[in-house]
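Every chain is named by a letter (A, B, C and D) in the order it is written, and numbering of its residues begins at 1.
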C-alpha cells in the first residue's frame, strides 16, 4: 500500500490542510487522528499573534508529517513564484503546492499562470504539486512544464460538493497511469474521498471537511479509515455494475439439508 | 459506536452475505477480514456436496458471528413463513431475514406478501429483518406488522448500482429516527456503503461486492474500514455543502512571518 | 403520434393539473397554451366562493379537455371510493385519478389502500388512473386489480425535484410495454418531462411547475413543445451513449476542395 | 425570443452539425426539419467525390442557414489559423468555429492553443466561436483574446453523454451574463439540450445525436421543438425545487360543492 510521491514513500493517502481550525490544539488532535504524512500550510495565513504561530508550527513539527507549503492567495505566476521561494527558505523544503487562483468567486486554478509558474519552479528544483483543473490538456501541459504530480480539483475549494465531474477524473487516471494524482478541493465527506480513491487516485487532500466538522479530530480519523478502505477496495478489484438483478443466493438447487 | 439491533448490541455495522464465494476457505477469510458480527445464509443454497456444506457452516460458526438466515427464493408469504420456521429449528435463532421476491427480473421485494409474512412471523416470536422497498408507507406497514428493523434496498440484488434513490433513503431515516435501518442489496463498493452510513443508516448488508471481488478477503477488510470511517464521519458532523468556493486558507491578513 | 388511453385517443401527452393558479383567468390561459386534452381537478378544492368555482369549471369546459377528477386528500381506500363515486356523478365521467396518500409529509401514494380502492372502483366500471409508487410489484398489483393505466411518481408532489429514480422508471417501461404509463408528480421543468417521455412514458402530468411559474401560460406552452419534442426523439431513435469521444467531423481524408 | 450572436439576430437556438449523415438527402431533410439558422461544416471533410460535395453544399445553401465553418482536425493554433483563413475565402464568411483539439482520445479543446489562435483570428476580423472547456478562467482568457461568443463542451464530441458538469456550466452562465454561450459537444438527446437551455444557455450545437438517430429528420424536429420549449421555460421562470412534498391540490377547505 505505500506509494511514491515527490521523492518520498508514504503510507498515508490522506493529505490534510491546516486552515480554519477552532484552535491549535484541535488542529494538533486532528493531525494526530488523521495519520497524515503530508500537511499543507499557507504562507499568507492570517494569524492573530506570534504565540499562536509558534504553537501552530510546533503542532505540525511534532506530528512528523512532511510540510507542503502552498501559495494560496496568489493570482499571478510571478506572485506564486516569489512566495514559493520564500516558503522554501522558511520551511526548508523544495515541495510546493502551487495555487494560482484565476477567479475570486470559484477560487479555481488559472491554467495559464499555473503552467508559467510551474515551469519556472520546476526548473529551479522545486517539486511542484499543482492545484489544477480536471482537463487533460492542462494536466499534460503541467507535466510538460516539469510537474511530476497533479492535484486536480473535485469542486470549488471549501464547497464540500464532492466530485462534480467523475468522468473527467476517470479520464485523467486512465490517460496518466504513471503520474501520482491527488484530488484537491471540494471533498465534503469520506464518501467523496472514497470515490476518488476507488477511481485510482493516489491520495486526496482535505481541509474544510475536517476543520468545519463539529468534531474535527473524529472527522480526521473518519477520513483516515475510509481512505484506507477505499484503497483496499481499489486493490481488491471492484465488481462491475450489472444492469439488472443477479441473485446472490442461488436457489435452483435442492433445499439445503444439514 | 455500538448499536442495538434485534435484541443484541453490536460493534460492527457491516453485515455480510455468504453466497457466491469461490471456496469455503475464501469465505472464511472474508468473514474474518470483515469483522462482521452478522452473516446471512440462504436456506435454499445450492451446494455441490455435504463436505462443502459442513465446511461452510464450520466457517460461520468459528467466526462467532450471529447467523441471520434468509428466505431467498421465496415468492409468497406462505413459502417464506414455512422456510423461516425451518430455519429457526435448523439454526437455533429467531432472527430471520425475510425475503419475498415479487419479480424474477429485479428480484425486488413484494411489499404485499412481505407484510403478510412479517405479521405472522412477528406474532410467532421471530425478530424479522425484512428486505423491503424504500418507500415510507411500505416501511410503516412493516413496522405496524411487528417488525422492529427495516432493510430497504439500495438497488437490485447483485447489481452493484449503489443507492439509486438517496432521497428516498434520506426520507426514511428522517421519518423513522428510532428504527434500526440497514441498506440491503445494490451496494457495489465501499463508496456506496459509506454513503448509506453517512445518511445515518445503522448498517449495510453486502454480498456480491465482496464475493465477486478479485480478492474477497481484502475487499471485506476494505468495507470494514470504510464503514467505520463513514460512521465516525456521521458522528463527527458532516459539513453542509456550500454553493460556491470558500477560501480555506484565509489570505486577508499580512503575509506570515515566523 | 396519437395514443390510446382510457378508451380515448389523444394527441397531447401533456396532462395538466388545475390547482394553485393565481386566478381563473391565468388557469384558462395556461390550459389553452398547453394544448392539453386531459385536466385533473380535485373534488376537495378549497374555493373562496361560488363565483370562482363557476368560472373555474367554465374554463375547463371551454377548453374541450377531458376531465380527470382526482381524489386528492384521501388517506383511506374507503374515502377515495366514496369521493370517486361523487366525482362520477358530478362530472359525468368514469375516469378517476386515484390518490390515496399514505404520508402527510411526502404525500406519497399508499400502495396498500390504493390496491383496495382500485379493485373496487375498477369492478364498478371506473377507468382508474392510480397515482402510485415506482416499484414494479405495486404496479403489477394495480394491474391485477383492474387498472389499465399507471401513474408512477417521479418525486414528491409539488417538489419539482424531477425523476428521483430513473432506473426504476425505466424498469417499469421495459416490463410493462403495453400499459399506458404517465409520470405524475415531481416534474419541475420541461427537462424532467422530456426525460420521462424519452424513457418511453406515454404522457406526463404537471401542475406546480406550471402554476408556480412566473408566467404560467408561457410555461404551459414550454411544456407542450418540449414534450412533443421528447416524443419525436423517442420515435426517431435516440443514439446510444458512447464511452468516449467520436469525431463527428471525419478528418482522415484530404482537405476539402470545392 | 430572437437573440443576437456574431452580429446577427437569430430566431433558432439550434445549431446543427452536418457530418456523418447517411446521405446528402437525409442531411437536407434534417436541416429543413431543424429550422436551424446556423450549420457547421468541416473544411477537412472526407468526401468520396465531387458529386456528393456539390450536393452537400447545395443542401446547405438552399436552407438559407448561416454557414459556420469549423477547424475540426486541427491540433495547433497555426493549423487552425491557416484553415480558418481558407474557410473565409471559400465560404465567404468571417464566422469561424475554432476547434483546436488537444487530445486524440477525448477530442477535447486545447485551452492554450485556442487562446493563441483566437487572438490572431479576432485581430484579423474573424468572429470566433471557440469550442472550449467549461472552466471560467479559460473562458475569460478567450474573451480577453477577442472572442465575443463561447462554446463550452458538455461532454466529449460524439459521446452523447449529456452535460457532465452542470455546476460548471451554471457558473459560466452566472459569471458571464452578457456573453452568448452555446453548449457544443456531448448532447445526446433533446433532454440534454433542454437542460442547457434551461440553464440560460443561448443555444446548443448538435451533430451526432441527429445524424446517428434512426430517423435524423424526425430527430432534428424533435430537438427544434424541445429547444423552443426549454427557452420558453427559461423565460417563464422555472419553479425552485422544494425539499419536500407540497400539496398542489389544497384539501384544508370544505369539500367542493358545485
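By definition in this document, a contact is a pair of C-beta atoms (placed from the backbone, for glycine too) under 8 Å apart; a residue touches a chain by one contact, two chains touch by 3 or more.
Predicted model, so just to flag it, every value in this text is computed and none were measured.
Asker: On C-alpha atoms only, rotate chain A onto chain D and read off the angle in steps of 5 degrees.
Answerer: C-alpha superposition angle, chain A on chain D: 180 degrees.
Asker: How many angstrom lie between the CA centroids of chain B and chain C, rounded to a whole number?
Answerer: 35
Asker: Quick one: chain B and chain D, Cα centre-to-centre, how many Å?
Answerer: Taking the average C-alpha coordinate of chain B and of chain D, the gap between them is 46 Å.
Asker: Can you work out the whole-Å distance between the CA centroids of chain A and chain B?
Answerer: Between these chains, centre-to-centre, one finds 31 Å.
Asker: So which bits of chain B are touching at least two other chains?
Answerer: Where chain B meets two or more other chains at a single residue, that happens at 105-106, 108, 161, 171, 244.
Asker: Considering only which chains touch which, how would you classify the arrangement: line, ring, star, complete or other?
Answerer: Contact pattern: a closed ring, each chain touching exactly two others.
Asker: Taking the touch rule as given, give the residues of chain B at its contact with chain C in the complex, in rising order.
Answerer: Where chain B meets chain C, its residues are 102-103, 105-106, 108-112, 115, 133, 135-138, 140-141, 155, 161, 164-165, 167-168, 171, 175.
Asker: So in the complex, which bits of chain A are touching chain B?
Answerer: Where chain A meets chain B, its residues are 17, 19-20, 42-47, 53, 57, 70, 72-73, 90, 105-108, 156-161, 188-191, 194-195, 198, 207-209, 211-216, 218-219, 221-233, 235-256, 258.
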